[in-house]
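In the two complexes below, chain A is the common chain; its partner is chain B in one and chain C in the other.
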Partner chain A sequence: MLIGISLISFFIMHLAPGDITSSEAAFNPKASEESRQKLRELYNLDKPVITQYGLWLKRMVELDFGNSFASHQRPVLWETKDSKGNVIKGLIQESLPITLLINLIGIFLIFSVSIVLGTISAVKQNSIVDKSITFFIFVAFAIPGFWLALLLMYWTGVVNQWLPISGLHSLDYKSFSEIGQFFDLLKHLILPVSISMLSGLAGISLYVRNGMLDVLHQDFITTARSKGLNEKNVIFTHALKNAILPLITIVGLSIPGLIGGSVIAESIFAIPGMGKLFYDSVLMRDFPVIMGILTIGSVLTLIGTLIADIGYAWADPRIRKGLVK
Partner chain B sequence: MNLFKGNLLAIIGFIIISIILFVAIFAAFLSPYDPNYIDINSILLPPSYDHLMGTDGLGRDVLSRMLYGARISLFVGFVAVGIATLIGIFLGSIAGFYGGWIDSIIMRLVDIMLSIPSFFLILAVIAFLTPSIWNIMIVIGLTSWMGVTRLVRAEFLSLRQRDFVLASIVMGSSNKKVITKHLLPNSLTPIIVSSVLGIASAVLIESGLSFLGLGVQAPTASWGNILTDGKEYIQFAWWLSLFPGLAILVTVLGYNLLGEGLRDVLDPKNK
Partner chain C sequence: MKQIFLLILPLIFLISCSKNNSEVIDYNDNNFSSGGVLINAMSAEPSNLISMIAGDSASSAIASKIFNSLIRYDENLNFTSDIAESWKISKDQKTITFKIKKGLEWSDGIPLTSADVYFTWKLITNPNTRTPYGSDYTLVSQARTPDEHTFIVTYDDNYAPALDTWASLEILPKHILENEDINSTYFSRKPTGSNYYKLGDWVSGQQVNLIKSENGVLGKPYINKLTSRIIPDTSSQFLELSAGNIDLMNINPIQFKRVFPAKPKLKNRTALYKEMGNGYTYLGFNLKRKPFNDKRVRQAINYAINKEEVIKGVLLGLGEPISSPYKPGTRWNNPSLKPYAYSPKKALNLLKEAGYKMSADNFLVKDGKALEFEIITNQNKQREMTAVLIQRRLQEIGIKVSIRVIEWASFVNRFIKPGDFDVVVLGWSLSLDPDQFNIWHSSQQGPGQFNFVGYDNKKVDQLLEKGRRELDLDKREKIYHEFSQQLLDDSPIVYLYAGYGLTAVNKRIKGIKSPAPPAGIYHNSQDWYIPKSLRRNELTN
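== the complex of A and B ==
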């Protein structure tokens, strides 16, 4: 699986025309063919593709994703010490935690809100509340996140100046106390997090609603009702548990979408996360960074799926005790 | 229209899509100005009788650009989903019909493609090819066939066990005939539904790419790149941001409603 991912991310980069030397040459018209050849040798670009893949794979196993072509040759993944003993931080090392932070808050909020929305919607099926929630879900599905981001930026940032519209920290944040810094960060996160959670929110609310409707029509719910349990008890202890169990799998599946979506949110709000790093590297044709992020992004997805599978097995006693597969 | 009887949401979706189709086809007749005509005397005019949606930073009429942008959105949506659906049907049929090692290889490929964040993949490929409308359609198509493949495979697996298919095999029909005459026609419903929903997401992806400057390139108008201008002038010209976004929203909503409606209508269980 991992090898497949590495193959795809490697070969896509090499099927594409144009290499680093052509963009280097474009910036610097004096670059001769000779110096371009030197550059190619430096990055092993003159070797056959298979050899390049082999070399890259070998370094990847050692978690060495190489150095960025641009950005002063900073290491792609993790910090290294240069000859003078200065620590140079890796690009992904710096940006990944930011993206993870945004997405984890996002996932947490998505689940809290959508379980509530979905449950209300299912319990009050066909009522006005249900219809307006369903309508909201459809709109949230269709709304382009970057557009909403623009409008929110305009409304909260430009017209009313309630919220900061770019970056992670205020210019003078170093002068704040620790609590002040925390709230400053929180304020900067509100817009990006709400944008990145929107489509996930819609999808999962719909999922909870449909799951809940399914469960509510099953026999054991009728049994629970007919033995005189009050409605609250039926819904919260009997129905909800069963309806939200499959959600654990959905977390795993929603990770690639969330990470991919961070490109747009982070570029708009100028947040130095992995999405923005990726966008910048794409514009600069920075092979090592692009390949590194593609690989790390996929590995994150695999880890997410794995955690989801384990979580599912842990939450469902039938699987935990090996009664069903 | 009888098809959608009683399904209000589907009817709304159908109407929305018809209007957008109409607008896209007759953009040349409907637009009051040439969408690429630069008029420095009328830069960033707010909506008025002359320019119903105002003008952009180069004095171009936004309404005209919106109408031509509808073409791009529809075109990209249809072609990208067409590519994805063809690939999906092809791979899904093979995997579902033959099973065995060929099935495991195809399904592995699907798993791998699904675990790479697709927007990253699209961005990377687009940036290395020169961004153009053709490349966008091809790349979106090539990165979104996994759903259809799974769908077709699942349908085939269950259909293969059915008596009429077994009968056809026993009577000596060729594999090709079994697939095209019996299996495919009976799996059409989910394929159609997922295609319609797929167009919606292709429209969203295209507008996102164009917004990032990696999609449809200026001067060709697309809803996404009008929004890029909108971002540029957000402090002075709200109309540049509002209208294209609304158009994308309504279009995607239309396809989603239509797709969900079709699912309800075409599913015999709901009859």
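== the complex of A and C ==
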């Protein structure tokens, strides 16, 4: 499976016209075509694609993701040490934690806010509250993120100076205490996380709302109510549990998405995350980096699907029993 | 959770309220003092700080503050001393002797001598070094260092651009790099240089800090620390500038002409500078294809394009028409040349001469075929807008034009390299050395070479060969003036415009020359200073 994915992505990437030499100094008259051909040879780009794939696979077997072409041979995945003990950090190693942090907070917020909104909507179906929630999540979904981001940056950063506009740290953050550094980071993350959260709300809330409505109309809820259980108990213990069951699949399937960042958000907020790294690598035709990210992404997709299946079986006895049969 | 919801709602709906910042700063304080921090914004992160290996402008911008060359350009773009105090060209013009200043040091205190220069030359000509710039230096047949302060290079043949190549080669320290692999050395992220600044720290993807060097070979700058923040999006850069978090950024014509004038408060504390940019935009014909092999057709199209209109429309007037591939105001620019003035009448006459007739539906036709072609360009807003304006003007005189916009790497590899295009809108740099051999000599038409329009003129070939061998500046000037004239007449490309470089700088930064000298405002950045009262409190040290 993995070999299939990597083979396809490798060939698609190499089918795109151009290589690292076509962007690096491509139109500088001081750089001659001979020098560029020489560079191609040094990067093995002159060999047939299938040979290049073989070389790549050979390295992959040893879990060696190689070195980036575009950023002076920096390792793609993890840090290496040179003879003098200088540590050169890997590209993914530096970008991944930032993206992971933003996405984890984002997903946590999306799910918690969505479950609340969806439940309220379902319980108060067709009321003003339900309608305004639906209206709000659709507006949030439809607003172009970059536009809202710029407006919020202007309002909270320029006009009022409440929040930092861009970046991950204040310029002098190294002089802060550890707690200070943490809060500094949080402050920088408020805008990027809320922007990424807003567009995700709609899907999940509606999912919860519809799931909830389905469940509320089922017989066992009527039974529970007729047993004389109070409404709170009915909704939270009996209905909600069943309604959010399908969310497990969504959580599992969003695992590969955890390592992908949004190029636009990262550019606007000047966050050095995975989205920007991937986008720049594609533009620069930096094959080792592209392949590295795609490989990690596909591994995570496979793992995510597996976790979703297992999680579902764990949560829902009906499926477990089906498996045993 | 409800609280979060309540927090977000007002964020969305209350967007346009504004509050006054009541800080009062007197920007007229001109009291000179050394110190302070300048924060600027860069759109891209440097790939590495060894500029012979890096190809990107972000890298060279930082590296040039850390390293020195043998010689450099002064504010009027003439050569002046850098590491070398003087240089002498031999009678036969084949040997250049550089005398290196005495008592120079790297920032770590080790002496800087001719051995470092020789080492750098060896490095860039080494076939294992991953540099695209090596070819100019392999022309040196012999390099010698008779003593610590002399560096002599001999060329097999006269090579006039030699001085320019030595002005662009940044000298690297032998004592650090001698036993390192230049292609992967850590030095590229932690360099030791000899210029005004040394690297403080580099936070990946976020900022690069440069700190004043105490023993720079050209002296000490006034500003203590340069922080370059990496902010890819220019709108975000602009917001940071508006909030006063950064001091300097490059701006575009719309910001220069429309945004700043509309914000009086921002304008009060920001100074805007314009300088001649480093490149020009042109419309290039594929001379190997009909009908562009006919000079009259090319000239006609040149007459039919209104360059003033393009400059007004695309650059909001912040650019100049040009008539030679050199910076206006420098000696290589031939002042007697004038751009083709807009004249649809002349264009139509030339096209009629070339055999075109107006058809019933108002299109130019020759031998039953309409005059139509496709303009291709890469994803660049200014170039796209330029193409649209040109399309309209050409349509008016009966030429059918379509436009296609293509991603850069595909553009180069699918269209430019195989020569598969009709007409392109592209740019070239206004080079400081007048040599244009690689771009216009008829021998440079192979795939991947730069004469991709296929220009072939024996007279120009001769001039370019002569100009390359002539080190006498006055004689050289004549040669290139004649070359420019021939090029303009043949019209293998239509010069559209050379845009200005536009910079916005917070007024707390003093000492910037205005109007900008030919070398641009950054030229004297070591003499910029920030008066004490205008420094940021939290960052003063």
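Assume the second predicted complex is superposed on the first by the 296 of 325 C-alpha atoms of A that agree within 3 Å, B and C clash if a C-alpha of one lies under 4 Å from a C-alpha of the other, contacts with A are read in each partner's own complex, and residues count from 1 in each chain.
One rule holds for everything that comes next: a contact is a pair of C-beta atoms (placed from the backbone, for glycine too) under 8 Å apart; a residue touches a chain by one contact, two chains touch by 3 or more.
The model shown is predicted, which means the values in this text are computed figures rather than measured ones.
Annotation for the three-chain superposition on chain A: chain B and chain C clash. By the document's definition of touching, of the two partners only chain C reaches A:Phe136; chain B does not.
Shared-chain residue A:Tyr207: touches no atom of chain B or chain C. When chain B and chain C are set side by side, the one touching more residues of chain A is C.
Once chain A of one complex is fitted onto chain A of the other, the partner contacts of A:Thr301 are limited to chain B, with no touch recorded for chain C. Look at A:Phe269: by the touch rule set out above, it reaches chain C but stays clear of chain B.
By the document's definition of touching, neither partner reaches A:Phe111: not chain B, not chain C. Contacts of A:Met153 after superposition: both chain B and chain C are touched.
Contacts of A:Tyr312 after superposition on the shared chain: neither chain B nor chain C is touched.
Overlaid on A, the two complexes show chain B and chain C touching the same residues of chain A, namely 16-18, 139, 143, 148, 150-151, 153-154, 158, 267-268, 283, 285.
By the touch rule above, chain C contacts chain A in their complex via residues 1-2, 4-5, 8-9, 11-12, 14-19, 21, 39, 45, 47-48, 50, 53-56, 127-128, 130-136, 165, 168, 183-186, 188-190, 203-207, 227, 229-233, 235-236, 239-240, 242-243, 245, 408-410, 412-414, 428-429, 431, 436, 438-439, 446-450, 538-539.
Listed in rising order, the residues of chain A touching chain B in the complex are 1, 4-5, 8-9, 12-13, 16-18, 138-139, 141-148, 150-151, 153-154, 158, 256-257, 259-261, 263-264, 267-268, 278-279, 282-283, 285, 290, 293-294, 297-298, 301-302, 305. Per the touch definition, chain A reaches chain C in the complex via residues 16-19, 21-39, 42, 67, 70-73, 82, 84, 86, 88-89, 94-95, 109, 112-113, 116-117, 136, 139-140, 143, 148, 150-155, 157-161, 164-169, 171-172, 194, 198, 266-272, 276, 283, 285. Residues 108-109, 111-121, 123-125, 127-129, 200, 204, 207-208, 211-212, 214, 227, 230-231, 234-235, 238, 241-242, 244-245, 248-253, 256-257 of chain B touch chain A in their complex.
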